[in-house]
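You will see two complexes here that share chain A, one where it goes with chain B and one where it goes with chain C.
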Partner chain A sequence: MFLNSVVLILQEILEAALLISILLVLSRQLQLSARWFATGMILGGIGAFILSFNLATISEWLDYAGQEILIATIMLAVLGLLTLIGLYSTLPPSSSRHALPYLMSICVALALSREGAEIVIYLGGILNHQASIQPTFTGAGIGAGIGLSAGVLLYFGLLSLPVSWIFCTCIVLLALIGGTMASQATLLLTQVDWITYSPVLWDSSIWLPEDSIPGHLLYALIGYEATPSLFQAIAYGLGFLLVSISATLGHLNHFRSRRTNTGDK
Partner chain B sequence: MSRSVGRFVILLAFTLGIGSNTSFADTPIVELRIRNHLFFPDTLEVPAHTKIKLLVINEDPTPEEFESYELNREKVILGHRKTVIFIGPLPPGEYPFFGEFYPKTAQGKIVVTAQQPSE
Partner chain C sequence: MFLIAAILAVLTLFNFVAALQGYSSSLKEANKLFDQHLRQTAELIARLYAGHPIKPLDDESTLAYQVWQGQKLLASFGIEQTRPITDFYPGFGYANFDGYRWRTLVYYDQNHRNWIITAERTDLRYRLAESVISHAILPILLSIPLAGLLIWLIISHGLKPLRMLSQQLKNKQADDLSPVVLPELKSELQQVNQSINALMSRLEVALNREKHFTADAAHELRTPISALKIQLHNLEEDISPDNEAFQQLRAGVDRIQHLVEQLLSLYRSTPEQLAHNFCRINLHQLAQDVIAELHTKFETKQQIAELAGQACMIEGDPFALTTLLQNLLNNASKYTPPGGHILVTVSTEGHLVYLKVEDSGPGIAPEDYDKIFKRFQRLNNKPDGSTTPGCGLGMTIVRNIADLHRARIEIERSRFESGTAFIIIFTRTED
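Then we have the complex of A and B:
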């Protein structure tokens, strides 16, 4: 129970921790107050409990497709928010940058609700097994600790990059997470037959299995799949492009307005 | 209730000789139960290149998560609940699955076998 608990909690925490770290670095680069972080964490915690207590009922909606539809919707909402974050963080500071803290806290709240609900359900189930409670919760603590450490490591890793690289790296990482969201949502919709089957593009499970440590890490960071389907790959590409193009558009707009301002003087 | 309706529709489709491999009514339903953190049966045999509707029934009071890296499937099933997971169409081969919450005991596999040529 102990080791299983470490791995399970680590998986869930890692994804959220990496997203939060990137957003925190971005927020720091843009000199925003980090108050959105606390709001997002609190809302995410509440969301995780609400979702876990209602998941049994939700799962039975739409002929047992409710769970997938809801989670896919949350993932696509995160993709939408990442797109807006990409756009607003590259626009000139005066225009609409005040919206960023709200977008970031909703993004964190949604990601945490999704990941947190599974943790609550898992640990809640363990409460029925007296003998397993202690090893499971100890394992959960260690798993959470490792996940958070990875987040902290990414945070300081990003900040140690040359200053001119930090912003761009954050946007690329957010675009990769956006791609992951689109790809995972596609997978969930295929699981309930809302999206039709598409052939598997490649099988890299021999070289890099998904259940290996690098496999888990790459899954959390860039959404690695050993056997992705064609539609998943297309969705990934579209998600990545959506976030990166919106950031590029914002940047071009910023550049143009800066040039106009200099021209005026 | 809805399952019996579904079975009736399948029966009707077969009787009338309608539907193709991909139509909804033709999707075979395979039942999988979770009891004492074990899968029953632990080996499911399904035909190749056919979409399957997997009906997972959790008889335990505790939640379980059906997970398979090979099938790319992952779904939480709460205690005393059931759920549906679509898999395939798959090429012949073995596809292991496990219960992520109790992986030591909850192990199983789907064996996809080449379809008999229909007459």
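Then we have the complex of A and C:
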């Protein structure tokens, strides 16, 4: 129970912590008020409880594929939000900056709802087994500690980069998370037969198992999979490209408008 | 905030990962232990069904037992002796046999009225326990250097602004009281930086006030001193010019006037006050003008003032350089006895221009060379040990003006039998 609890909590907390850290650094670079973070956390907490209490009903929808479809939809929504965040954060400040806090808030709320619901269901289930409570909650504490520490270190690590690198690194990391979201959504849709199975591209579980701590870290950061399927890899690439291209377009637009302004003068 | 959060995160991460790793390793080790006991239990059962073996099957077994009924040994395992391992008292205990210390358990089977004694070697028990614990501790031990390295990097990074602040303060010129500007300051250091800049600003105001006070006071004193001089002139007509009290009064007023003029010159010779009206000046011509201006003074003391050398052009402030020459020549005249020599030489060598003022006064001991540039410093260099009248500001003014012109001052013995030579070395301007 202890190890299961560590692995599950670590994976959920780590994913959320890394996403939040990157968004916080980006928001700091763009000099946005951090109020969106508090709003996102509160909404995410409420969303997690609502989702966890209704997941049993949801899983019966769509011929018992409801849970997978809903989670995949949330993941694709997060990908969409990351694309918009990438685009708006690189656009000229006056045009659309005001929308960014809302986008970040919704992104955090959706991610926390998904991760939080799984934690609430898992820990809620354990409460009925008296003997498992102590090892489970100890494991949950350790998993949460590792996940939060990694998030804090990523936050400070990004801030300690040379100023000109911070923004670019944040966008690349967001694009990687976007790729992970697309890949995981593909996996879930494959599990419920909404997408056909595709061959496994490689198996690196011997060198770096997914259930090891580095495996979890890499999964949360770059969506590492020891045995990815072809469609997952394609989805990963598309997700990555979507966020990076939107950020590049925004940057080009910003650059063009700056040149126009300079030309006017 | 940054240091606390980052160090806490590093410690949590490493401790928890190490604990997790330790847990996994210990669990594996404990499982091995349980498996070993399971195997030994199976072996025991096998031997019980096979009869009553006396000798163990292999040397790895950590367990031994005896089954007694009254004084009769029914069965034994892992031990050769045929007497009881320990006394027949139910419970745990220790016993020594076969050259080892054993942990024992005595159990009485009431159904068959048998005494069962089981024993395990303590050294092997400790070895197994240590193996489990060491597997738990090892990851913590290995994580410490890594955590230390990360903490060192974090602290170095966290203290970087403080190092930059101290470096900026260290690199500041003595008279530079401008605010310290640091990029990307953490909130804790913003307070320190603001306090330092506020202190600089207050210090600058105080220093300016002090500088202006001296100059303002000197300036304000000029008018009453001029009035005093007029009154002295009027008084001179009414009383005998040989009156001793009158003579001392006039000498005193002259000294006050000189001090006030020197204080004003000192103030005007500071870099902030000189307007940097630099232009090309013929130093030889300037020296000639100043000697001519002070001619009466030299004549009164029957001193011979001469000018040697050639025309040399330098970049300089005419007013400041006139003050410099006046101070050097006044000084030379003051210390040179009546009938003595004063020689001013302007020469060039390479890209340097030398202004040398020599006198035939008593001279200055080499150990006093540094002292003469201090404010209000006067040397007892008269043969009788007395001090020459003056305010002790002349050479400070000379040094200020030389510094302003990036000129160097050297002092040496003059070419006369006794006396001092002051050499001011300027950089030459191309003709």
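In this section, the second predicted complex is superposed on the first by the 264 of 265 C-alpha atoms of A that agree within 3 Å, B and C clash if a C-alpha of one lies under 4 Å from a C-alpha of the other, contacts with A are read in each partner's own complex, and residues count from 1 in each chain.
Here is the rule we use: a contact is a pair of C-beta atoms (placed from the backbone, for glycine too) under 8 Å apart; a residue touches a chain by one contact, two chains touch by 3 or more.
Only a predicted model underlies this, so the values are computations on that prediction, with no experimental measurement involved.
If you put the two complexes together on chain A, you find that chain B and chain C both fit without a clash. Legend: residue contacts after superposition of the two complexes on their common chain; A:50 is shown touching neither chain B nor chain C.
In the overlay built on the shared chain, the residue A:193 is in contact with chain B alone; chain C does not reach it. Look at A:38: by the touch rule set out above, it reaches neither chain B nor chain C.
Using the contact criterion defined above for the overlaid structures, shared-chain residue A:149 touches chain C, although it does not reach chain B.
For the superposed model, the angle subtended at the Cα centre of chain A by chain B and chain C works out to 140 degrees in steps of 10. Here chain B and chain C are compared by how many residues of chain A each touches, and B touches more.
In the superposed model, A:8 lies in contact with chain B only, and not with chain C.
Once the two complexes are overlaid on the shared chain, A:213 sits against chain C while remaining clear of chain B. In the superposed model, A:160 makes contact with chain C only, not with chain B. Between chain B and chain C in the chain A overlay, the least Cα distance found is 12 Å. Those residues of chain A lying in contact with chain B across their complex are 4, 8, 55-56, 59-60, 63-65, 67-68, 118, 121-122, 124-126, 128-129, 187, 190-193, 197, 205, 209-211, 225-227, 229. Per the touch definition, chain B reaches chain A in the complex via residues 2, 24, 27, 51, 53, 61-65, 69-70, 72-73, 75-79, 81-86, 88-89, 100-104. Those residues of chain C that touch chain A in the complex are listed here as 2, 5-6, 8-10, 12-13, 16-17, 19-20, 23-24, 154, 157, 184. Those residues of chain A lying in contact with chain C across their complex are 2-3, 6, 142, 145-146, 148-150, 152-153, 156, 160, 163, 213.
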